[in-house]
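Structures follow.
Two complexes, one shared chain (subunit A), two partners (subunit B, subunit C).
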Partner chain A sequence: MDILVGQLFTGLSTGSILLLAALGLSLTFGQMGVVNMAHGEFIMAGCYTAYVTQQVVGGAGVSLLIALPIGFAVGGAMGLILEVLLIRRLYHRPLDTLLVTFGVGLILQQVARDVFGAPAVNVTVPQFLRGGVEILGTTVPKTRLFIMALAVVAVAALALVLRFTPAGRRIRAVVGNRDLAETAGISSRAVDAGTFFIGSGLAGVAGVALTLIGSTSPTTGQSYLVDAFLVVVAGGLGRIKGAVVAAVALGALQSVFETYSTASLAKVGVFVVIVVFLQLRPQGLFTLRTRSLA
Partner chain B sequence: MSKFWESRLGVWSGFAAAAAVLFGLAPLLLSGFRLGLFAQFICYAIVAVGIGLAWGRGGMLTLGQGVFFGMGAYLMAMHLKMADAEFRGGPGAVPDFMELAGVRELPAYWVPFASPVFTIAAIVLLPTGLAVLLGLAVFKRRVKGAYFAILSQALAGAFAIFLIGQQSLGGFNGLSYFRYFFGFTLNDPVNQRMLYFITAAALLVVVAASLQLRRSRYGELLVAVRDAEERVRFLGYDAAGVKVVAYAVAALFASIAGALFVPVVGIISPASIGIVPSIMFLLGVAIGGRGTLIGPVVGALAVAFAQTALSEQFPSAWTYAQGLLFVCVIALLPGGIASIPAVAGRIRVKHRPEAVEATT
Partner chain C sequence: MPHRPEHRPRRAARAIAATAALIVTAGAAAACGARAGEETDAFEPCLDTSGDTVKVGALNSQSGTMAISETTVLDAILLAADQINAAGGVLGKQIEVIDEDGASEPVVFAEKAEKLIREDCVAAVFGGWTSASRKAMLPVFEDYDSLLYYPVQYEGLEASENIFYTGATTNQQIIPALDYLAETGVESLYLVGSDYVFPRTANAIINAYAEAHGIEILGEDYVPLGSTEFSTIVNQVSAAGADAVFNTLNGDSNVAFFREYANVGLTAEQMPVMSVSIAEEEVGGIGVENIVGQLAAWNYYQTVESEANAAFVEAFKAEYGADRVTSDPMEAAYNAVHLWAATVEKAASFAVDDVQEAAGGVSFEGPEGTVVIDGENNHVSKTARIGEIRSDGLLYTVWESEGPIEPDPFLDGYEWAADLAVAE
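For the complex of A and B:
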């Protein structure tokens, strides 16, 4: 029982990290069919935002709370710039966008290396997040609980924004049918920019949160990116529901594989499961019904 | 001009010129060390030819060629380590790095690699087989575009992490220090030169094979699938099969390149086949012109050369340059440098008032 709960918890925890990293990606990928390889670097920017904020503010607890909105703004601003300068111009060439954003990611990594240095930096975990909590017989680190809570909040906030605000309605309209949305008077360009801002901002928030459980280096973002992409692919494009289920499932799968084999075999196992899964559902868990041929 | 290079005579003279440079000029002008470096570049160029076929002609953005490159390299490295062990300790001896790790018993899957024939068969068959398997799984279900790109990238990531975990394959450090290549000592300059010739010949063969594929009915079909997959399917062709073949050929080329890379460079480690190196294979292809035959070769050679020349002196600047090249070439010049004449022509036509329609 203890082992099972422990497993479940590790899975949920890994899943919530994946989810935080993938949530923004799912939004931008779903919205424009654009694969943003620089998303990992936005996460990295969030990590460094947390680091810088702590250097400036000092107190670990306060700085974390301040860093979360700043991280959102930093990530969002970077995303907005990228969208306006490059992605918008390559709208009809999604595969090329992938490579272009990879180049942007390379540059951002090198900027981080030149500014902060190649060695990893650490953010002090605030006092109230140290130690663990006893849940059903297993000890769970508070930082993990915080990340889970943050993931839940982020998903809820995003879902609420998409469902109930005018901006969210416009986003959903453009995802559903871009041309029809345009004829209805929605400026799809403005919506694209807005979506990119929110999606990249979420990456920044994820970055801030991830400093609690790991150190930050210029390649931090990259290590989360591929797993985040797999979550999006398995979950189905542009579906938050899909991203949530896929992230938790992949997290659980990863932790189960790791228990019965090694971490390195677990990655291979997860990959095989995803390829097999795509045999059953090539469009991912939840598909958006559109009438386009492509 | 371009008509000439498409004619039979043009092709033959092109190959003759390439052969003259590769077999005559390069060994004449370059010292032993630089020739070895050139052989290494050629290995990248062989990978690039495969990517040009799969990506440029087939539209499949393969971000995971490092997997096949790595498979070829590790398979060859295992054979070289076995041959090495056999020379030092007789049949059944354990390779040196295992001995250092305290392994006395040879892992069972290493045993067949004592045979050169088995090794070569494995280098040809294993990566191709994996590519066919994966290609069938992915393309038959019409998983395409960005989905395929991400899957191929994830494969590269998983493969590199898998290798790091395998202590019997050298783990993080990989396999290195090879003394013999099919019975020839590797540090003998004459044998190194021979190795260069083999690599150069492999490049010519690979380019010829790619040319043949491009000119066949199959090549036409591949481009058709790239441009309008649905239509090809409606016409009754097996679009997935067409893609699988190109993907498998690209995998085979990458594997051959990897197998040659090991004796040429003398080391293979997970660091040179993971996600980032796999994408880096694409840079040269993009710069040279992904859809052309020679573009990928020229681009890959140029990038490898620039990397060697710049990365040691200006490591930071070189990374910026790589990033900028990706951004600028793909965004502004998707056809690569090969398309500069066409683009210039189009601009000229655009500025001429009486022009009716620009031709591509």
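For the complex of A and C:
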């Protein structure tokens, strides 16, 4: 019993990592329908932002807190540039978008390799996040509690922005029906760019936080990309709520499966569950009722 | 990498490329076979030693994922060649190193190996890192009856007449590591590894060893290559309460594993982790504070105390910069060039047959100690060392074998391993 409860908590923590990696994607892929294969590299950029900030600022605690907003700006800026230079020209050409962003991802990886070197760099974990806390019979590292808290804050902030700010309303209007929104005087181009900025910025924030538990190397982003897509697809396109539920469910599944087999097999198990689930419910957990005619 | 769905088309493309390469190679082989009937030999080695120089190949990844590791090996090869040239060369001829980029792709390694043999007519090739790259090059070197010197520790169970293995095989790294753990009173182990050939083979050996020596294996876990999610595994390791952990994780997974390990409060005193793929370079990425006190098994560390090593480290730093570190595969590659030169001197010939015949018993006073080529299996005898990671990020020897250990790639000398070689 204790082990199961402990594992469920582990699942919650794994889920919050998945969620953090997927949240930005749920905006750019889920809402805008852009398959951005460079999303993982935006996460990687966030990781290196944390590293550079720490090299410049020094203190691990302070630099982490400073790196979070800088990571948002760096990821967001990269996303904005990608949107304006390439993706904007490729709307309604999803396959080309996929290939182009995949190429951009490879380029970004090589840039990171040239600038920082191929071996992983070390981002020191601040003193107040070292060690663990005893919860329900398992030791939970403080870094994971921090990531869970950050995931909650990020989801809440995103939900508030989408619901209560004029910019958020414009985003929802364009997602709901692009043509009608344009008729109403909304510049869908500006909204697209803004949405991409926020989504990519969230990837940057995720990157900063993930340095606490994972490695910071040119290929770091790749390890999160597929899981992020899984979360968005299983959760249902266009729904933040879906991403939250899917992330927690996948995290719990992974950790429970892992308890009874190896991590490799658990991964297979999770994939099987997702494949079966998508057969039964291709639209994912939650669906967005749009007013678009397409 | 293995989970990226977008890799599927690429993998398919690679499979097509590999198949195409195979067909081409088969065609070439058939052509050679056809010619063999008319001429005396399938492939006439085109090595030209009439001038003042002799060409050798250096085939390492200079681009792609493996580049940073493998370019350090290239540096070591060039250093060794320079030293030999400064001392008068091999059989009076200066070594000319032709370097090619394997690009972290096994298929490219095979292509470039063929190019070095056919077009550059090299006397020998030094290089390769991953087992996949070695397996890809092996048929090329066997078909053309040429020589490859492979400088990285690997999973054993191989012995080609055309490959000299100057890195450790399992009985020079994994078994000494187990001996060391057993000596220090370890009675139970937890095995954690990446899911590919080396950890699976290593753990098969560890299981057989454990059964024969009364060590209990409390768990065996594999994660996909590149996985960074270790909370469940570390919880299980912690709950199992083994005396030590044997770690065959590769690459970035080590970072996530050791961070999680340290964060749940596990230390080297409570439950030491013995790793076989963490060298000086990886320690930096993991963060010394997360791994200090943990153990590693290799044959060479920069800190090894010997005259040969002092000279090696000094020469290397003088050539490439004071901030550079030397590591086990670099040292093995450095030894490889010197061993080849010594073999050629002994054979008084650059011809492959003569070198193969003369190789047995050739020795070199390397930075790790004396290494001697075993004429039976083309591996070299090596000194095994257990290193402890200290707070300066370097590894220091805490235990070493009494002299070099004879290579035994098929573990024939170990009764408990009798079933293993058959199983493979």
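We take it that the second predicted complex is superposed on the first by the 290 of 294 C-alpha atoms of A that agree within 3 Å, B and C clash if a C-alpha of one lies under 4 Å from a C-alpha of the other, contacts with A are read in each partner's own complex, and residues count from 1 in each chain.
Here, a contact is a pair of C-beta atoms (placed from the backbone, for glycine too) under 8 Å apart; a residue touches a chain by one contact, two chains touch by 3 or more.
Fair warning: this is a prediction, and the values are worked out from it, not measured in the lab.
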{"item": "Clash or fit (per the criteria above) of subunit B with subunit C on subunit A", "value": "clash"}
{"item": "Partner chain(s) touched by A:Leu95 [first = subunit B, second = subunit C, both, neither]", "value": "first"}
{"item": "Partner chain(s) touched by A:Thr262 [first = subunit B, second = subunit C, both, neither]", "value": "both"}
{"item": "Partner chain in contact with A:Gly59 - subunit B first, subunit C second, else both or neither", "value": "neither"}
{"item": "Partner chain(s) touched by A:Ile274 [first = subunit B, second = subunit C, both, neither]", "value": "first"}
{"item": "Which of subunit B and subunit C A:Pro282 touches, first, second, both or neither", "value": "first"}
{"item": "First, second, both or neither for A:Thr220, with subunit B first and subunit C second", "value": "second"}
{"item": "Partner chain(s) touched by A:Pro119 [first = subunit B, second = subunit C, both, neither]", "value": "second"}
{"item": "Partner chain(s) touched by A:Thr10 [first = subunit B, second = subunit C, both, neither]", "value": "second"}
{"item": "116-124, 134-142, 278-286 or 332-340: stretch of subunit B that collides with subunit C", "value": "278-286"}
{"item": "Those residues of subunit A which subunit B touches in one complex and subunit C touches in the other", "value": "98, 102, 113, 222, 226, 229, 262-264, 267"}
{"item": "In the complex, subunit A residues that touch subunit C", "value": "3, 6-7, 10, 13-14, 17, 37, 98, 102, 113, 117-125, 130-132, 138-139, 141-144, 212-217, 219-220, 222-223, 225-226, 229, 254-255, 258-259, 262-264, 267"}
{"item": "Subunit A residues touching subunit B - in the complex, by the definition given at the top", "value": "29, 33, 35, 86, 89-90, 93-96, 98-100, 102-107, 109-110, 113-114, 222, 226, 229-230, 232-233, 262-265, 267-268, 270-271, 274-276, 278-279, 282, 293"}
{"item": "Contact footprint of subunit A on subunit B as seen in their complex", "value": "59, 61, 134, 137-138, 141-143, 145-147, 149-151, 153-155, 157-159, 161-166, 230, 275-276, 279, 282, 286, 316, 319-320, 322-327, 330-331, 334"}
{"item": "In the complex, subunit C residues that touch subunit A", "value": "1, 3-6, 65, 67-69, 195, 220-224, 226-229, 231-233, 235-236, 238-239, 252, 254-256, 259-260, 262-265, 281-282, 284-289"}
